[in-house]
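Read through the structures below before going on.
In the two assemblies presented below, chain A is common to both, partnered first by chain B and then by chain C.
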Partner chain A sequence: MLQFVIRRILWAIPIVLVVSSITFMLMHSVPGGPFDAEKALPQAIIDNLNAKYHLDDPLWKQYVDYMWGFIRFDLGPSISYRSRTVNDILAQQWPVTALLGLASFGVAICLGIPLGVISAIKQNSLIDYGSMWISMLGLSIPNMAMGPLLIWIFALNLKWFPVATWGSPIHVVLPAITLGTAFMAMFARITRASMLQVVREEYIQTARAKGVREIWVMLKHTLRNALIPVMTIAGPAFAGMMTGSMIVERIFAIPGIGKYYVTSVGNRDYPVIMATTLVFALAVVVMNMLVDISYGILDPRIRYN
Partner chain B sequence: MFKERQIRREIRKLSRRTPKAHSLWRDAWRRLIRNKAAIAGGLIIFALIIIAAGANWIAPYTYTEGRIQDNYLHPNSEHWMGCDFMGRDIMSRIIYGARISLSAAFVGALTSFFIGVIYGLTSGFFGGKVDNVMMRFVDIMFGFPTLILIILLMVYFKSTFSVIEPGTFRGVMSAIDRSMGGMFFIFIGIGVTSWLGMARLIRGMVLSVREKEYVEAARAVGAPRTRLLFRHIFPNVLGPAIVAQALQIPGFILYEAFLSFIGLGVNPPTPSWGMMLSEGYVGMRSHFHLVLWPAVAISITLFAFNFLGDGVRDAFDPRQTR
Partner chain C sequence: MKRIWLLGLIFTLVIGVLAVGQVKTLYWNLATEPPTLDPNIATDTTSIQVIQALFLGLTDFDDLTMEVVPELATHWEASEDGLTWTFYMRDDVIWTDGTPVTAHQVVYSVKRTLDPATGSSYAYVLWVIEGAQAFNNDEGGTADGVGVKALDDYTVEFTLTQPAGYFPSIAGMWICRPLPHTVVEEYGDAWVNVENIVTNGAYELGEWIHEDHLLLYKSATYYDLAKVNIDQIYCYMIEEASTAMTLYEAGDLDSTAPPLEDMDRVKADPVLSEELHIAPDLCTYYYGFNNEKAPFDNPLVRKAFASAIDRQSLVDYVLKGGQSPAQTFTCPGIFGHVDGVAEGIGYPYDPETAQAFLAEAGYPNGEGFPEVTLMHNTSEGHSKIAQFIGQSFMDTLNVQVNIVNQEWKVYLATCREDAPQIYRMGWCADYPDANNWVNEVFNSKSGSNYANYINPTYDAIVERAARETDPEVRLALYQIAETLMCDIDAGIVPIYFYTIVNLTKPYVVRTFAPLGGEHWEQWDILPH
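For the complex of A and B:
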């Protein structure tokens, strides 16, 4: 187990290296720099600014310096927000996105898995068809359409929730539903399919033959074994939520990292782009690792080697 | 004499009784046709293709220009879906927008399919060291969040190739992109980022098919490598590849909409549903029609592709219970 975790952590190193070097190369091969403005600055000032941010060093040195800083959790200064370091920005924006992501993940799991279980138990009933239609809808309405629709219905017309911005728990509801619906639908569909497959196993028949109550057969014997494929998509789902937050944060004017990322790409704010990309990639790696570990908890037969 | 004739007759009788052999494709097609949801999805997609192809005749107005007195016009008998913030007819823009979404769907699918198939076939067929290196590369690229890579690529393309320099490579690329309203780089972005899963799938399939008896037999009679690959291995991995691609198509539509939403996609005035949504949600409080129609259009399209994709999967893999 420990060995497995260590190996997975080591595996993150090449990923970080490749992600960072591709990002670095793409960023710096783009024409235009962070000091481009409507009114061109005198060359001397640009030279000074470049020297201050070490943008006049050779590229490989900039990259090595950056990675050395990254290892020590020193992500450098932001270029377009002169008074703040990237550490400040991440510390301020990341918790917002993380909270939004967690809330949507909660929506997806707490609604998606029960929906799938109910459909599987009542296979081919009206409830089954109904919930599968709902999940098809959830899968098909992208969050850039879902957000405005929810705002229009629940904020502008019914006035149950605030239209946008961030701050109190009630502000989280609409964005979390917007971001979580598609993943809820995915979880529901996969839970259903996987339950229907597990139900045909012999140990389920054994459990029934022993006289275990049907509800326990379903929840304990079937669901637990059916959860493995569900966990498999949890990793990609998490990554999807991180990037989905770029749109949801824009629509709901939430001060999170996703919205910030898109702006900093436009501003060529190199340190912010690098740091955010790396944090996104690391988050995905960690999430995939947690998913792999969860396999062993769900199914003790799975060994880590 | 008599005995032999009898035997022949018996054989003929028997052969008549054994069911006719069906190809995998015919069976899959039969199952697909019986799936009502998939048929509905297919019909909607067919209608969308007709709309996109005939946009010049169907659309009541032009999508590029509007009249200033029509700004934010609400739906009426002249403009059925109203007008947007520049007085352009929304219905016409929705109709032309079908071109953008559908081409992202099909071209994105084709490019990532070809890259993935070639990569996966090569890796699986050669095996050994080649396979190891090629697959480690795929593993590492999987760590890269797709949307972030697409964003970086789009920024790179948009600013590197935005020059007007006839004759040079950059100039030609940017001319192609401009003539396609910004779609060309979206295609490349989707193609470059979306082949990984396909490559992995194909490579796995090739590894298992390669050891099958019929491939062994073909090798034994001296079939050359290319014949083994294209005649015996490739057709047997094609089915799952098509299923995987059909399930990915909604993702390509979403990529295009996402890029256009954050301003890295099509160039204005090319009407993309994603761009219309991003222009519309700001003025939604008093002009809800600005977001309603593009939202409906993109949702119906995704709905249709999801249903068709599900149908194709069920058709090729009948063990999946419905």
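For the complex of A and C:
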């Protein structure tokens, strides 16, 4: 297993290089620069700013300098937020997003998997139809509608939760449900489909023939094997949740990193574009590695070589 | 030393609480994270709003009259040739660390803005100072060669390259505000962090939780402390207008800008309509014609299109924010504004005149007129306006208009390199003088002149107005300039003057600052 982990970590190096070079080329090939504004600046001023941020260096040098900084965990200054470095932005905003992502993932897993299990056990019953209807609803309502809807019901009318902003555990509830609902629905549907497939396997029939109680057949034998496809999508989904959602963070005024994924592109804030993209790429790499490790735990027949 | 002042601040606050019974807190929405609190490099309204509360300028603006009024400088004078400006400063203003605010710190700030290593976007505004451009452009100039010097601790003198009647406005801008040079030098870029910053304004920085909130306390060291009523300002950074509106209605915010989609509801609501304020803003929304791109290289075509925009209906049915139809570029409240509607400059909505212009240009009833591209940057608001005006062009002139939108920076690059036949743009005042408008935007040498509007007579007039010191002569020159650009040449078509649309709780006694930088120190919160 250690060999497997080391191999996967080494694999991350070419992935980071490819992602960073493609991102670097794309962001520099898009028209417009960080200092374009409605009030056009004189060229001499733009020259000063380019010199300050080393944007007057050849592109290859800018790329090499950036990657050298990246290796040393120095992600450079933000061009848009001029009193902050990208390290500052990540250190201050990312933990907020990570906490929200963790809570959302909790909502998605803790509600989605039981919903899928119940649906599978009670296939074609009213409970099954009800659960799947709820999950379909969760998938169909976009965050930009779900957020205001929850605010209207639970904050404005019932006054159980704050309307928005951040700062205490109670502030996490509505945004976590908003962000987690779609994933919950996805987990529920995949768990149900996977359970129904596994339940037809011969070893399940064997377990039943041996007189194992139905609840144990479902939880120990069926669910465990049915979780493999769920884990496959849970990894990238978790990476997505941990790196932020601009929409949910915006609706609930959460000081997370999500908005930087979008605004950095609009602002042509090159160091922030690079950092957010690489953080996301690394999160996906790490999560996929954890997913692969989890396969072996769920099904010992799977080997790490 | 800082701790002593902090203790002093806490003591003042405690005494204040005991005396009044409650801390007066204003809950404000900055709408975004301030990109910086460094006055020398700030460019955006959010940063400038906070800087206004933290740092004093030599001069300031009166919110009602828009006149330049004393702040750090008690008075100022210009030499007879208009080239030397001397500002006499108060001697009772101190920083939050207890040291005095002096003329040397004004000199330091001006030179730091101009230092190419600072990378200040607004440094070009100071190029009017002798030696400033050479230093800023790294063309052999030095900091010592810049025409700003402290005659003594409280007197600062500027030497200009040309007479500039508007210079007191510039001297009060954030880029010239005195800075605590020892703190800036000690901490570098981190000097604005809450643990390092030293300020001299009515408020001081208490907390800055990035992307979440910023807390300002009334400064115990402010020279005019007795006049400051609000003890602290809690600034949220809520970007989503509908979320801010919900918080406002829930009583968590004292003021907000209502989203456009809520305007009808706000106006109909008996409570919200009473809290709605619509005040003039110093910005103009306009459509530019690319004067070099056929068929808009023909002034008659430009006049036809300018006459085909029903501005009042646009305001009533699309914008709904009480904006004023504009026929000239420089907006009301700016020295040099010309009321085009009253004085018959520019083109009001007149379909028959529009058709006549187009026929005279050789396109009767739009026959043979090529397809027109009307471009705007991607935004729901600009899209609604473009659809309304584009339809108006098609209905009135019987021409085909293609509405195209581009992402903001791509759009700016397009406008800069090869502007479309019709493009959307806006302009807001940096300082309340028409020089900032007709000269800085549409002088043929300006980088913002995407319209390629080139008229040597116009250039000569706006450049002469910049040098002229007699206000009456300047006004007359700006009237000619507006007549040339918006009427005779129809180089652009101004559409409307912006308004500030705002909801404020009835217990907040406030003013509106059209130039940005609200004067919180002049506000009050009544018991509620």
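Convention: the second predicted complex is superposed on the first by the 290 of 305 C-alpha atoms of A that agree within 3 Å, B and C clash if a C-alpha of one lies under 4 Å from a C-alpha of the other, contacts with A are read in each partner's own complex, and residues count from 1 in each chain.
We take it that a contact is a pair of C-beta atoms (placed from the backbone, for glycine too) under 8 Å apart; a residue touches a chain by one contact, two chains touch by 3 or more.
Here the structure is a predicted model, which is why all the values come from computation and not from measurement.
Following the overlay on chain A, a clash is recorded for the pair chain B and chain C. By the touch criterion stated above, A:30 is placed in contact with chain B and with chain C alike. Of the two partner chains, chain C is the only one touched by A:253; chain B is not. After overlaying the two complexes on the shared chain, residue contacts for A:139 are found with chain B alone; chain C is out of touch.
Touch criterion not met for A:154: it reaches neither chain B nor chain C.
By the touch criterion stated above, A:15 is placed in contact with chain B alone, chain C being left untouched.
In the superposition on chain A, A:92 makes contact with chain C only, not with chain B. Of the two partner chains placed by the overlay, only chain B lies in contact with A:280; chain C stays clear of it.
Residue contacts after overlaying the shared chain place A:44 against chain C, while chain B stays out of touching range.
In the superposition on chain A, A:4 contacts neither chain B nor chain C. Where the contact sets of chain A with chain B and with chain C meet, they give residues 30-32, 148, 151, 156, 163, 250-251, 266. On chain A, the positions that touch chain B within their shared complex are 12, 14-15, 18-19, 22-23, 26-27, 29-32, 136-137, 139-142, 144-145, 147-149, 151-152, 156, 163, 193, 196-197, 239, 242-243, 246-247, 250-251, 261-262, 265-266, 273, 277, 280-281, 284-285. If you check the complex, the residues on chain A that touch chain C are 30-33, 35-45, 47-49, 51-53, 77, 80-84, 88-89, 92-93, 96, 148, 151, 155-156, 163-167, 250-253, 255-256, 259, 266-268.
Chain B contributes residues 140-141, 143-149, 151-153, 155-156, 159-160, 250, 254, 257-258, 261-263, 274, 277-278, 280-281, 284-285, 288, 291, 294-296, 298-300, 302-303, 306-307, 320-321 to its touches with chain A in the complex. Interface residues of chain C, counted against chain A in their complex, comprise 33, 35-38, 41, 43, 116-121, 123-124, 133, 136-138, 189-190, 192-193, 209-213, 236-240, 242-243, 246-247, 250, 252, 407-414, 416, 425-427, 430, 446-448.
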